[in-house]
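Multiple structures follow.
In what follows, chain A forms one complex with chain B and a second complex with chain C.
Here is the complex of A and B:
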């Protein structure tokens, strides 16, 4: 290797900033074992303490809105389901829901219940992935494996209902796919699995919260108070762990007939964020049981009595595992999609975490970011390419025009 | 001792070459045993016993050698070999055959050699610059950054800084615990410590010995950089820290070094606390020794399976408490000893 190959000076700081700024910067990513997706975190540290943090997620841009432009809505739903690998059902449901609201399509009750069931099962498996990932980043492999063991029966149920473990393709315009109706035997199996999950999860939560070493890493670390959560618009369990009592499920008509409680904690630290999600799994299991009762044996799951046509712009919000998911589009005369906009919960949650990890130890800061449950590939919604390399500010009007 | 005596010379030769060979053969089993225990705790099957320690080394030996990104690649690549050499001497100095030669069969020599192994990580950290952090060719400091011109450290550099701190804090209990049997025997000579426990009078079965063993155990986990004391190479941020750029046969040498450290530090424990030396000329003793060597790795596997990584916020108090306990036990042992 030549001396030139070993010259890293271009990567090192120079000039005034080098004298002015922190002891050092530790850049992590885009390729890193703690990051499940490509994002880069720049931690500015003094000794082990994080003084500032910047996150970048540009490489994850996939241009899905661009692909959807001009696509028939039923075909577009195949794409929207693939925005996220974990909350695939949430994206598909919201996409379908947007058109259904605009075209006044009526949904059979059993179909609504199956959609809710799928979403709650997805929430359980997503939260259990989150707990496993947080434990992995924490360095506690045993808890991580236990969490994955609890998740497996949930994946089996999703497979049993839909025939797939990732993209379930359950909602369609007018209801759900007929193959996903809940027969008696399926319903009983789900109820049994929910009971087992309940028992296992309660034991897990008890052990997790009683573990002194784990709690010493999580309690009082990455504290996001209610004010900060509001200021940076934290959403979902991340916000609810900081005392914000809001969940889109309260406003969703689909959940009107269900009996459930919102999990809200006040501590706002990493322990609270893990605990919130663990408790939400119990709530989801409760909702899933009710959904099974409502849908079991009912074969009326799809309304085919509707027609595609033009639709004014519609906005739809639902509560996915990570928080608020927004989908919006309009349909032209031929039922083709125009101006699709997706906003996922990670954008604002990550902005919150970027702030709250300041003051923590570097290793704890990585856990803090993990506890907001980032999902990057679905969160990166637009990219601006300026071939002339100019730096400029973009107005709201620029963004509305698509950055041109 | 007359080293020109044929029998003594043969003993020294066996201790110098036979024992290290035995140590290498046995130590490659230890990572597999550790991984198997952890896997069973985690309700997994886990790898085969020979996979992590033997087949992994064999596999890496024959892998393509990539160019290592380091300002001093030769020193970086050979650093683990330095650790292997240090462990070679630790193992032979533990044998009764080396007890009387130039005072090398003493605790001071062994501690000095262990320090070399610890320092190897610091050296590797400063000499490595992987693509995972600073060298990633992406213009992330170009626009919108508040700190576009900050000094930047690689993950390995930061690992090196942490390894420095770990030398200061976390291995201290290990060295304090080593001196508890010294206080009991009234000598730093390995032979004297072993002789003071002759006739089944094992130091570990006394109260100070048991406390000392517990303190030593914490130090053992720390010197191996295992969970919960793996902050120097914490996967959460540093991935592998100083070892990031080690590939192919160089990584194989690192795996071998780690396995040997596991064996050597456990072997020191068996010699000091059970009074069973690594005697190649005594079949019974060596079998007992090898069986007892499994104790620390097995306990370490259990601790690691149930622990998260501790940050310095937790490592420092744990280390201070363990060192203070070790020190008081040392003082008590001086009264018990003799």
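Here is the complex of A and C:
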């Protein structure tokens, strides 16, 4: 295929055409105190009111799909874990799940429960980081430290199960790594820790929602109604805070035996987005407790009775802390990866927030962006190469213009 | 006097250069989390390079962020210490060293020592908060040796 076949000229070099000039432009990033991760936001401001916003997500592009092309599948799975340091289990699980669905590998029940346990613990710690980050951006450090304090026991549980605090490497093809099986004493320790966490979380949420200072900054700001959320395809808690009752967990067979319910709020403002995540922590704790009871004491966690072979293109969706995660690839005769595609939730969530923050005060707009829980490391995965071989990431505007 | 004053208020700046975020969260957890709490040793996290004494760099330094990292390093006043945190910052980890048919990633300008001189290295993927605290302690030692 020659370069002429791909005519990307309509996307190139335009960015967001400025139809009108604005009073002030406030660029934030790549490295900035309000952003933990490198991305650049350009706020176009008139009289402290954000009139327009543009987000650039280039700097974290590492080309992981390119690394994975032609790699043996078991090795590639471990590398997908390095896509993101917060939802590492989500990426690994989905990558493994894709191959398992294509190769018809059966997974022991205890292994399934351990995967769910890891994912739910990850959801709790991710949401607590989110709350801490949102409170820090708000300027309320006490709540941020509280949140970090509650998160630490969860990290210690994950460390106890897997031996690492971030890259757990729990799922492998055919089950989970045998080291991660839940022995009786481990299960008891986890259940005890979950009880404490539950009590602390409930107290925290009560205080957080009753706090006048915090709520005055969050309530009624950055309202994303249901139509906007559907139009820009918000996913996960960001969508559920705007009244969209969808969660991939209701479709996943792994969650069939669990008793849980979805958190859906209708307000769609910043307060709702924080509240959704806070309440989801409680739901996740409930699922995690059931998962421990299912997996406790069961040592049959790995099915080695399968063969690697070619596989047609397989799609797999799971619910990670930030929303829907999509992995897809096919395997050739030698079991090597071809055409790995990853689509992460932040791509659409951030695009939604880019629209929603228009009309806010500048200080609130930063919070609005933070409340969609942006995770740029996994988000940045799209490069256009033009005829002259120049590389350039596509901005959200390009995608929107090309997509709609 | 100068050394004493400096020892009492060490400012750490964290620069994230395109890794997976795991190390950053661990650094932030080491400084902020009340369990590890690096702030009790008068080590503060800052975002202003002119205020910083120790530069913690995480991630494999993508080409896009390399000039920014250089600029931040230049903006930090002497004496300064650079610590590379995590496997990516030390040797590029999976992005620099592994690859399928097309080879490893071409977007990486790092590891960190290709761009700025590195004084301390914290291995691990990611390093534990305890290791990061140990690194900060080591960096303070280097720092007090450098101050005239």
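To be clear about the criterion, the second predicted complex is superposed on the first by the 364 of 404 C-alpha atoms of A that agree within 3 Å, B and C clash if a C-alpha of one lies under 4 Å from a C-alpha of the other, contacts with A are read in each partner's own complex, and residues count from 1 in each chain.
Criterion: a contact is a pair of C-beta atoms (placed from the backbone, for glycine too) under 8 Å apart; a residue touches a chain by one contact, two chains touch by 3 or more.
In this text the structure is predicted, and so the values were computed from the model without any measurement.
Q: A:364 in the overlay: touching chain B, chain C, both, or neither? Say first, second, both or neither.
A: The answer is first: A:364 touches chain B but not chain C.
Q: Answer with first, second, both or neither: which of chain B and chain C does A:26 touch in the superposed model?
A: So A:26 only meets chain B here.
Q: If you stack the two complexes on chain A, which partner ends up touching A:189: first (chain B), second (chain C), both, or neither?
A: Neither: A:189 stays clear of chain B and chain C.
Q: So in the superposed three-chain picture, is A:197 touching just chain B, just chain C, both, or none of them (first/second/both/neither)?
A: A:197: touches no partner chain.
Q: Per the contact definition in the header, classify A:52: touching chain B only (first), chain C only (second), both, or neither.
A: First partner only, chain B.
Q: Mind working out whether A:88 is in touch with chain B, chain C, both or neither, as first, second, both or neither?
A: In the superposed model, A:88 contacts chain C only, not chain B.
Q: Between chain B and chain C, whom does A:213 touch in the aligned arrangement: first, second, both, or neither?
A: A:213 sits against chain B, while chain C stays out of touch.
Q: Taking the superposition as given, does A:66 touch the first partner, chain B, the second, chain C, both, or neither?
A: A:66 contacts chain C only, not chain B.
Q: Applying the touch criterion given at the start, work out whether A:42 contacts chain B, chain C, both or neither, answering first, second, both or neither.
A: first
Q: Under the contact rule defined above, give the chain A residues that sit at the interface with chain B and also at the interface with chain C.
A: On chain A, the overlap between the chain B and chain C contacts is residues 30-33, 59, 145, 149.
Q: Taking the touch rule as given, give the residues of chain C at its contact with chain A in the complex, in rising order.
A: 15-26, 28-29, 32-35, 47-48, 60, 62, 64-65, 68, 72, 93-95, 98-102, 104-108, 125-126, 128
Q: Quick check: in the complex, which residue numbers of chain A touch chain B?
A: Result: residues 1, 5-6, 8, 11-18, 21-34, 40, 42, 44, 48, 52, 54, 56, 59, 135, 137-142, 145-146, 149, 213-214, 216-217, 361-367, 391 of chain A touch chain B.
Q: Provide the residue numbers of chain A that touch chain C in the complex, in ascending order.
A: Against chain C, chain A makes touches at 30-33, 36-38, 58-64, 66-71, 75-76, 79, 82-86, 88, 129, 132, 144-145, 148-149, 151-152, 155, 164-167, 336-337, 375, 377.
Q: Under the stated contact criterion, what part of chain B meets chain A in this complex?
A: The contact residues of chain B facing chain A are 38, 41-44, 67-71, 73, 129, 131-136, 138, 140-141, 143, 145-153, 155, 158, 227-228, 230-231, 234-237, 239, 305-314.
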